[in-house]
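So, here's a batch of structures to check.
Two complexes come next, and they have one chain in common, subunit A, joined by subunit B in the first and subunit C in the second.
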Partner chain A sequence: MTRKWLIDNQGLFFMAPAMILFVVFVLYPILYIFNASMYDWDGINQAIYVGVQNYIEMFTDDRSFALSIRNSIYWTFLTIFPQMFLGFILAYILTSGVPLQNAFRVIFFMPAIISPVVLGIIWQRIYAPFGGLLADLAWETGARFLMQPYLSDPKIAIFSTIFVNVWQWTGFSMLMYVAGLQGLPGEVLSAAQVDGAGALQRIRYIVVPMLRHVHLTLILLGVIGTLQTFALVYMLTKGGPNHATEMLPTYIFLKAFPLQSMGYASAVAVVLLVIALGASIFQVSVLGSRFTIGN
Partner chain B sequence: MKRNRGKALAFIFVSVLALVWMVPIIMMLVVSFMPPDQRAPRFGGLLISGVSLQNYVTVFEDAEIVTHFVNSVAVTVPSVVLVVVISSLAAFALARLKFFARDIWFYLLIMTLMLPIPTLVVPIFQINKALGLNDSYLGLILPYTALGVPFAIVILRSFFAGFLREIEEAAILDGCTPFGIYWRIMMPVSWPAVAVVIIWQFMTSWNEFILALVTMNSVEVKPLTLVPLVYSGQFMMRPGPMFAILTLITLPVILVYYLMQRFMVSGLTAGAVRG
Partner chain C sequence: MYRRITLAVLLLLILALTAPVLAQDEVVVRFRSWSPVIATTEAMIEAFNAENPDITIEPDITNYPEYLVDLQTMAAGGSLPDLIGLEPGALTQQYRDHLMPLQDCAVATWGEDWEDQFFPVGIEQARLGNPEGDDNIYGLPVLVQTINMWYTVPIFEEAGVEPPTTYDELKELADMFNAQGIAPVMIGAGDGWIRRDVYMQLIHNIAPGLIYEAEDGMASFADEPFVEAMTWWKRLFDDGIFQMGALGMTHYPAAVEQIQGGRAAMFPMGAWWQQQAANPNPPPLDQNLAGYAPFKFPDVTGMGAPEDLLGGIDVMLGVTRDSANPDAACKVITDWISGAGAQALINTYNDLPAYIGLRPASFGSENQEAVWDLFTEEWLASVQYARQLKSPDVKQALEDALAGVAAGEMTPAEGMQLVQDANM
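Then we have the complex of A and B:
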């Protein structure tokens, strides 16, 4: 390495701290889970090499794993699209000059900054069958349909959990759309108005297509968010009842720590990693790569 | 006329929705002020018989809440500072300098954005164990920084990329080094993007749960996010103190968000326009 080479490549010095952290805490862990997934290992004693046995078991004989895949699919579709739809409507209203629009934006965004641990405990009280907000409402107003075993019925629990997530993150979609709407060139919209396009037509044919990059960003972030989901589920249901709300992250945690099965947990982590990278590569290459927050 | 009616309807719609939206947060506050002699709050906590600060007193006396608060600060603040320093240096290099394998490094770092943290929980636990970092602040600061840097680089890089070449060339003619350009010219005017990075990193470090859960086993080093679990047994039948804890966990993030929020939209937009 000559002096000249170093001067021409000064950028490497600027990059060095980020590169080191990346190698130690991202690259090495990725290689680590691929390796660990081939072993039967409790994290303490000698690991036993089992080849692809963990994967075979996961895909052929593991109901909890299958449930966590099913739940991830529910979660992806039932959070991303409702959030985008409601977030867009809110953003549209809150950039049209209604009174107090900044205050409204803060209110809708607020759940997004609060810890899911905190929100999980609050929503437990909302859903609680005795003394919970919905149960009491049902009791006092006679709206009996509000009285449901929200978190204890395996058929309902996943949807109750997803609902909380939608509530938490709609404000984020709204904020992204607000940023997108404010970046739209005003001339196009006023030209369309002059040409006689009504409000709904302007939204349908001009605003929505021009915000394509925001839609794509939200879908991508939504998929990543789904695959990250841990704290909310852990606090609300711990993945139960009987694994009905299990997500891949809660399952990894359950296997690795309470059940001390680090090798199997690593195999689940590999599957999660492959899904996450596959989904983002698919989206970036098929749907286009222009993110709002990237370039 | 028709236009005003539409606006009025829109206003009513968002007002009603905003009220409903706030219910869980209002509930958190109301229950935290519930008098201790009230057995259970009605409507899940929206109706209480009086206002009392007793729950907060209980929490400060019984729950070592100050210790946990200090732990959260001791993990969050260094990770925010490190992310700002490390990512701004890297983003400057990626936006402004040419060097070996630049694009490959950029794409590798961006890939981290797509990485779900739970995939890394087993190896990070083992790395920390090998380095003796379990139960220490550094055991969380380093991974939080590593995982926060890529997003910060994306934000800062697009901001730095928007600077005029001419200013930089003039500075080079005056004998300014690349570090001088970074430190004296770019950083002082980049605060809108830096603000977004600070809010984001503060929120993620402050609220992070799964790594904290497996890294911090001793009660005295646990950050605030783990506190509800620590005291869930003790306060199981008493929602008052528990909700006081939840409120205390939430206040700092709301404060930081409130102080920084005016930069949030402009910071995100800056990235969008330059994209």
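Then we have the complex of A and C:
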């Protein structure tokens, strides 16, 4: 190794710390999981090589996996966009000078800082058709429509779970939009008002387009949140009934530990990784560029 | 000054050299489990240390899901603790290669006839899932249990009724309690284990022992008795025997809170329900177990309820092959099963002792003592069959099928076919 070589390649030394961390904490686990996905393995004892059998079973004969994918799609569209829509409305109202607006901002943001574990326990008691808050309210007032099997009916359980997530994170979207709205140049809005634009037109043609960086950030965080959803679902339903609310992370946990199928769980984790990569590439290359350039 | 520094350095050197020697005198046993709870574990350690001050026990108690993750991580890293909590069947079998056979430890402590000193169900289940020809005991049972039904005494007394023994009686009570806004049978059927517990009692009512034959491939889960049991399971929901929305509720803590609040007439549980009396600040029904009494699962099918109950091991303990102090670990286990530590454990009514003859030091009420005697002297001795299944896949398929059938997503026959498919 000559002095010249060292000088020519000094950039490598600056990159080395980051590269080492990347290899140890990102690349190695990915390769390890990918390798494990090729085995029938309980995580402890001798593994048996099965090739792509785990993947074949997953895509051809695994109803729970299919439900996890379906639920992830539901979750993506039914949490991100309603949260953004409601968050924007709240933010718009709470930046328009209403009394006690700071207090309301705090109140609406509060669910976002509560642990999903705690929220899961609380909402299970709210939803419980026997002895739950809504059920007792229904019993006392005669409003029996409130007494529903929110978490026990497989047809509606995922939507009940999604509702809790929207309730929790709308305040976060609101806060992001409040920051975005406060950063908008006042002269542009004033000019539009002078030009005769009504309140709805100002929102439609000026405010919403100028907040595109907030939209993009919320979508990005929403997709990440969807792919990581675990605690809320685990506490509310444990993925049930009959996997009706299963998400990919809860399914990976179920397979890896209680069912002792680490190899299969690794295969599901690889699929989750591929979905995450695909979503990231899509956001950066398609969604991201449109937002940057604007239409 | 120079002399002082020299002296200080010499002192430090002496300390550094002697510390490992001193440390070697201390025997440490690391213990990791999900059960007993930490307060009880600490009481057991204190009782053990009163007689064995030379052994230090380092406990780490976490909840069950977290425990499974930790155990697997430690096994992969070759750093399993000395003592680990185990369930019979799948969990013990998964770690079998990492566990020491414990029969020598048992013989050394209790003699050659040591197995006779335990309730039979504990010994049988300790070997559950062992490969053919492997009679080793990889975990010694600490606590055992039955599964059964309980009723809330004040509710029954006020209604002037007795626990049901047939389905007709059960239905009649359910109609009455539903009209009063009381859950006839409170179940948190969102938890798979309680679904399975009830189904196990239904199939036990119809064909005792058949489910274990099906597990071993000598019968099919799609056979008529299993489908019939599944049909009865569905009826318990459709006929309003279980409270509304049972499938969306956890047994612990959601259903238990309703039970403690006096809003449930009956509920499926097990012998471990006695521990309610030992909780800090117990609600009125829990105090000295005044508000509850156990009864056998009714003869819902009308085929005649079997005299025996289902049961099994609550928790057993194993010594890992990585243990640096297997003799000390053996000493701890055996003390917690039949010694001072065991007495401290039993005093909390945590569950029933696997070792025959232990009794809590005191009872808070006659009812509590009567319940204890019923479990230990009559019911536990009659247990022939396990509440556990060997295969985690079959267990999960059965729990899924029970949820699917209860939710109306599949017929009882389709549900049992799924279980059979998982057993292939």
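Going forward, the second predicted complex is superposed on the first by the 265 of 295 C-alpha atoms of A that agree within 3 Å, B and C clash if a C-alpha of one lies under 4 Å from a C-alpha of the other, contacts with A are read in each partner's own complex, and residues count from 1 in each chain.
Here is the rule we go by: a contact is a pair of C-beta atoms (placed from the backbone, for glycine too) under 8 Å apart; a residue touches a chain by one contact, two chains touch by 3 or more.
Since we're looking at a predicted model, the values are computed, not measured.
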Fit-or-clash call for subunit B and subunit C when the two complexes are aligned on subunit A: clash
Partner chain in contact with A:A128 - subunit B first, subunit C second, else both or neither: both
Touching partner for A:D153 - first (subunit B), second (subunit C), both, neither: second
Partner chain(s) touched by A:D42 [first = subunit B, second = subunit C, both, neither]: second
Contacts of A:F257 with subunit B and subunit C, given as first, second, both or neither: both
Subunit B versus subunit C as contact partner of A:L227, first or second or both or neither: first
Contacts of A:G87 with subunit B and subunit C, given as first, second, both or neither: neither
Partner chain in contact with A:H243 - subunit B first, subunit C second, else both or neither: second
Subunit B versus subunit C, judged by how many residues of subunit A each one touches: B
Subunit B collision site on subunit C, chosen from 6-14, 60-68 or 222-230, when both complexes are overlaid on chain A: 60-68
Touching both subunit C and subunit B, counted on subunit A across the two superposed complexes: 43, 121, 125, 128, 131-132, 135, 253, 256-257, 262
Touch list for subunit A against partner subunit C, complex: 42-45, 64, 121, 124-125, 127-132, 135, 139, 147-154, 157, 237-238, 240-244, 253-254, 256-260, 262
Partner subunit A, residues of subunit C touching it in the complex: 65, 68-69, 72, 75-76, 90, 94-95, 97-98, 181, 183, 186, 189-192, 243-250, 253-254, 257-258, 261, 263, 392-393, 396, 400, 403-404, 406-407, 409
In the complex, subunit A residues that touch subunit B: 8-12, 14-15, 17-19, 21-22, 24-30, 32-33, 36, 43, 90, 93-94, 96-99, 104, 106-111, 113-119, 121-123, 125-126, 128, 131-137, 140, 167, 175-176, 178-180, 182-183, 199, 213, 224, 227-228, 230-231, 234-235, 248-249, 252-253, 256-257, 262, 265-266, 269-270, 272-273, 276-277, 279-280, 290-295
Footprint of subunit A on subunit B - complex, ascending: 6-7, 10-11, 13-14, 17-18, 21-25, 27-28, 31, 40-46, 85-87, 89-90, 92-94, 97-100, 102, 105, 108-127, 142-143, 145-147, 149-151, 153-155, 157-158, 161, 178-179, 182, 203, 206-207, 209-210, 213-214, 225-226, 228-229, 239, 242-243, 246, 249-250, 253-254, 257-258, 261, 264-265, 268-269, 271-275
